[in-house]
Each structure stands twice: as C-alpha cells, then as structure tokens.
Amino acid sequence: MAINWFKYSAPSTFYGLAGKLIPWFALPAAVLFVIGLYIGFFVAPTDAVQGEAYRIIFIHVPASILSMFLYLIMAGYAALGLIFNTRLSSMMATAIAPTGALFAFISLWTGALWGKPMWGAWWVWDARLTSELILLFLYFGFISLHASIDDPRRADRAAALLAVVGSVNVPIIYFSVKWWNTLHQGSTIKFTGTSMHVAMQQAMFITLVACWLYAIAVALTRVRSIILERERHTKWVADLAEVKA
Amino acid sequence: MNTLSVWQLLVLVVRRDLLLAMRRRADVFTTLIFFVMVVSLFPLGVGSEMELLRKMAPGVLWVAALLASMLSLGRLFSADYVDGTLEQMMLAPQSLSILVLGKMIAHWMVSGLPLVLIAPVLGIQFDLSAPAQGVLVLGLLLGTPVLSMIGGIGAALTLGLRGGGVLLSLLVLPLCIPVLIFGTGAVYAISAGLNGAMVSNLALLAAMLMFSLVLTPWVSAQALRISME
Amino acid sequence: MLEVSHLACSRGDHRLFSDLSFVLESGQIMQVQGENGSGKTSLLRTLCGFLSPESGKILWDGTDMRELAEDYFANLLYLGHHNAIKDELSGVENLRISAGLAGIALDDKQAIAALRRMGLKGRERLPTKVLSQGQRRRVALARLLLGEAKLWVLDEPLAALDVGAVELVQTLIAEHLARQGMVIFTTHQPLEIAGMEMRRLSLS
C-alpha cells in the first residue's frame, strides 16, 4: 500500500491519523506489560546470585534502553525540523522529550532500588547510572529551554539545536564517564554476564516491546494536544467534532 | 576604502571585547573573586584534613572554574544583543562564525585565563605537589577555552530569555562534564604516578579543544540567528 | 536591484502582511508606511535576513539573498532602533568598530572627519555615555558616511534628532541616491528629498 507521507506531514491530517493509531499502540502495550511482568515475576526462576531482587531488570533495562533511544529519536526529529523546517517534526521532538525523561528517571529509580540490596547503598557512582543521570539532565535542559521561550517557532528551533548538540555530545559523555569510572576504580553494576534463563530473556523482550509501544502511544497523544494548541486559531481545529462539543 | 580580511576582523572583535572588558574591570574581578571564594569555601565545609583536601583539590578547582565561567557567560552576547551591535555583526560581510569565535576568545581571555593564572595559588592552599600543580594548570589552560566555547552555544540559545542565567547553566553544565572528567583525571593520574593516563587525559582535553574550535562557533552562530528572530 | 515577491510574515499567531511585492531600482527611495504594529520594522528586519519570511522571496540583482548571504550583507547598511554603540567607548572607537564590522578599515582621522560632519566636533573622544540621546544617534548615523553599501535600510533614522540633524540626514540620503544608491526607510517624521520621487509602500 502506497502511503503519501507528505500528506501526513501536515499537522491537520496527522492529528486525525494519530488519533486512529493510538489505540493500536496503547492496547498491545498494556497487554504485553501484563504478560511480560507475569513471566518476569512468576515464571522466571530466582537468580542464583542475586535472589529475587534481580527481577527489577524487567523494568530497569527496558527503561534504560528507551531513555537512550528516545533521546536519539528526539534529536533526529529535531534535526529534521531544523533542516526541512517541518513543523510536525519539531512537535514530535517536543512530544517525545517528557517520555524520554520519564524513562531516564524510572531507570535511575529502579537502579537505586536494585542497588540497595545488592550494594547496600541506594546510589552507586557506577558508569551507567552516572551516564543515565547526565542523560536526565540533558532531557531537563531540552524541556526547560523549550518551556522558557514564548515564541513557538524560536522554541522549536532553539531546543532542536540543543538536542542535536546534545546527541553529538552523548557519546563523548558516555566515553568520559566510563573513563572516569575505570580511573577511579569505582564499582560497576553488572546486570548481565551470567547466562540468562530463557524465561528471563522472554520477559525482558516482551516488556521492552511494551515500553516501545507505550512510548509511541504517549508521544502520539501528546503530539495531538500540541497540534491543537499550536493550531487553535485555524479553521480545521474549530471544525473538529471534539472542539465543537 | 580598505576592506578587512577575516583575520583582521577576528582581531578587531577580540580587541573590541577586551577594550570593553578593560572599561568595565569590575566584571572581570567579580568572576575571579567568585572563583577564589568558592574554592576557599570547601576546606571550611569539609574540614582542614590535608590528606582529604589534597585529594579533593583538582575536583574543587575544576568545579569552581566551571561555575565561575557559567557566571560570566550570560554577558557573552547579551550586551551586544540589547544595544543592537549583534544585528550589525550578523550583517558583517564575513561569516558570523568568525565574529562569534572572536567573542569566545575574548571571553576566555577575560574570564578563563585569570582563573588559570590564579589556580596555582589556590593549589598551594590545598597542598598540591609541584607536578600536580603543573598538570592542573595545563589542564585548565586546555579546558577553560572549551568551557567558553560550549558555553557560547548556551549563551546564544538563551539570549534575551527571562531567567537566562540559571537556564544557561542547566543547558551547559551537562555538556561540560567530559571536560571536568579529563581535567581532574589528569591531576589524579599524576598524583597516582600514572604518567601514561595523565598524558592521555590531557590529549583528550586537547582533542576536545580542537573539536570545539571547529564546531562551536558555527553552532553558536546558528543559535544566534535562531534567537534573533 | 532589490526585488521582493509575494513576501509573507507573521509574528506568533499574528499575520503581519502577506503577498507583498515590490521592486527597488538604483537611485530610488521608498518609505514604508503603516500604523504601529503593522509590520514596518518586521519588513525591514526581513530584508536584513534577521527574520525568515513565511513565504516569498527576496532577490538581490536576481539572486536569492539567502544564497548570497555575506555577499548580500556587503551591499547592505542597516540602521535599527538601537544605535549599536557602546556607552563605554568614545565616538571614534565606536565608529571604527562599526566600520570594521562592516568590513571597512578606518583610521582615526577618517573617523574624526565623519563625526565632525555629523556635528560632533569636540566630542569625538568622549565616552558616548556622556552624550545626549540625539548626539548618540548622530554617532550611529555617522556610519552612513562610510563604505559603499548600495542599499540603506533605515528604521526611524530621524528619531531623537533635532532640525539641523534631520536636514543633514536628508542631505546624506540625497547624496546616496545621486550615487545610484537605494534607500528603504520608515519614519514618523516628515522626510523630504528635494527633486526625488518618494515611493510609498503601505502596510495595513
């Protein structure tokens, strides 16, 4: 089936399309979460070394992966918006940012919860946790910059440039934090390493897919409200059934 | 009439900003005093145990330098923005990146270089050994220009915004973390007798300096164009 | 030749003007008219490339100004609401720097001559913060005496000027037009150039 992508790059048409797509992502996300967590908590065996506490990885690992990928995707949309001046891409970047920040936060939170029984401390200055913290700062920077500029066009473009600069910097930051960690011989948390049970892998994979679907559904919902807000003076918004009601 | 080459224009901008800084000397000194003060607060906060202070010194000095340079970054473009000079700069018949680079260099000479020069004095307060002092100063010499340049992007993005100063720090500090790590890492390495690690830390700082020299003026110029709309 | 075609510009949600087209030839002068907030300043700032138009094109001698970029700026002299002068610096220093930014090397003698022509004799070396509002504007206007920019974009050039200075600006503009220059400007005060047809562009 040939889809005319340009048609859907207009906010007015995308608004309707996103509305139709959301349930197709939201429902499977909910179902997969339940399945994944069920397998993770009840089917997967207890870990020989870490006991029951390891089960937090079924949330922690997907959240970490998502937080990193979402930053790159956000920066990608931002760059598209900057280069081709497409409003929808900038809106998508703005819509993704809070979800990315949320996943970064969940990743830190669950990391801390895991650290307490494993290391006896809520926070360990481990390379991955530290990088995750910096990533959260980068999200905060993007969101605050966007929020403090009143003119939406300038906000989009300025935040986009920041996201692009950030994504160039991310590898350098990761490398430097790893470097710092080895130099100071800090502790390193290792979630994997021992061979994983098949059920563990399944649970992790299913929750990862669920997180992806959730992120897409939420981003689409958010982009719909952003479209409405930005286009509130246009005729097509005034003609919408939900606006009239 | 004669026209100016790129280099003459660069020199002109640097000289102009230095001249302005000389006429407003107070601004330069506040940054320096802030740096000295923050560094001096640490022993008061953590106690006067020499072993601990010696270990903390590079981190303290670098974090203080980072904060001090954030403090002065707000002024990098804002004065020129308010009085309309920035508009004239954007209309210069040379690339805006060159002018931005000139402003960054001047900013470093005014707010970064004094910190580098005073760092050994503060290092003595923390009982740093002579080789460690040398590496610290060398690291600051390589790293503080990077802070000015990365900070320039933030300053350009937050131009004319309310609460710009705090926002600027929020945007720029995470991006400056690698500089902090390599700068302090070099001093730790020499203190631990790891000469190889010291050299590679400094080499990484130098690489970041080169990278920033090439990219940040252009990015800041783009940011300025966005902010001027 | 400056050619503007189908230009549209908005600020925020507000549409300032759309489908604006005009051509400005060598030796012509045009006044942009309109009420406060009608987009006069925005139009001039768009011509300088500070604002990107929502749609439409600005051509300089047939080439898009975005493509020309620096080559276009070399032909442009912009005088905005702000004087772009530093309070801490003297008139001479200010003028030399603004000339430098425009790519022109200027020595002290030339700068002093320009300032004297603007009626600032004896004040060339004073920091501009001790000058009056009108005198500072004169320092800014001294840029009109330098360089060979073909297109002058002047936003309220007469603001804060006394009668003598207004006459001087009119003379300068007349000389510029006689050199086949172009001027596009806004003003709330009457500005007449003897013997020149004044074109008017109304924004509403």
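For reference, chains read A, B and C in written order, and residue numbers begin at 1 within each chain.
As a working rule, contacts are C-beta pairs under 8 Å (C-beta built on N, C-alpha and C of every residue); 3 or more make two chains touch, one makes a residue touch a chain.
Quantities reported herein were computed from a predicted structural model and do not represent experimental measurements.
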Chain whose Cα mean lies nearest the overall Cα mean: B
Farthest-lying chain, centroid of Cα atoms versus that of chain C: A
Centroid spacing, where centroids are CA-atom means, of chain B and chain C in whole angstrom: 36
Length of the line joining the C-alpha centres of chain A and chain B, rounded to whole Å: 32
Centre-of-Cα separation between chain C and chain A, whole angstrom: 49
Shared-contact residues (touching 2 or more other chains) in chain A: 151
Multi-partner residues of chain B (each touching 2 or more other chains): 229
Complex interface listing, chain B residues touching chain C: 1-4, 8-9, 12, 16, 19-20, 23-24, 79, 82-85, 87-95, 99, 225, 228-229
Footprint of chain B on chain C - complex, ascending: 48-52, 70-71, 73-74, 76, 78, 80-86, 88-89, 93, 97-98, 100-106, 110, 146-148
Residues of chain A defined as touching chain B within the complex: 134, 137-138, 140-141, 144-145, 148-149, 151, 153-154, 157-158, 161-162, 165-166, 168-169, 172-173, 175-177, 179-180, 183-184
Residues of chain B touching chain A in the complex: 153, 157-158, 161-163, 167, 170-171, 173-175, 177-178, 181-182, 185, 188-189, 197, 204, 208, 215, 219, 222-223, 226-227, 229
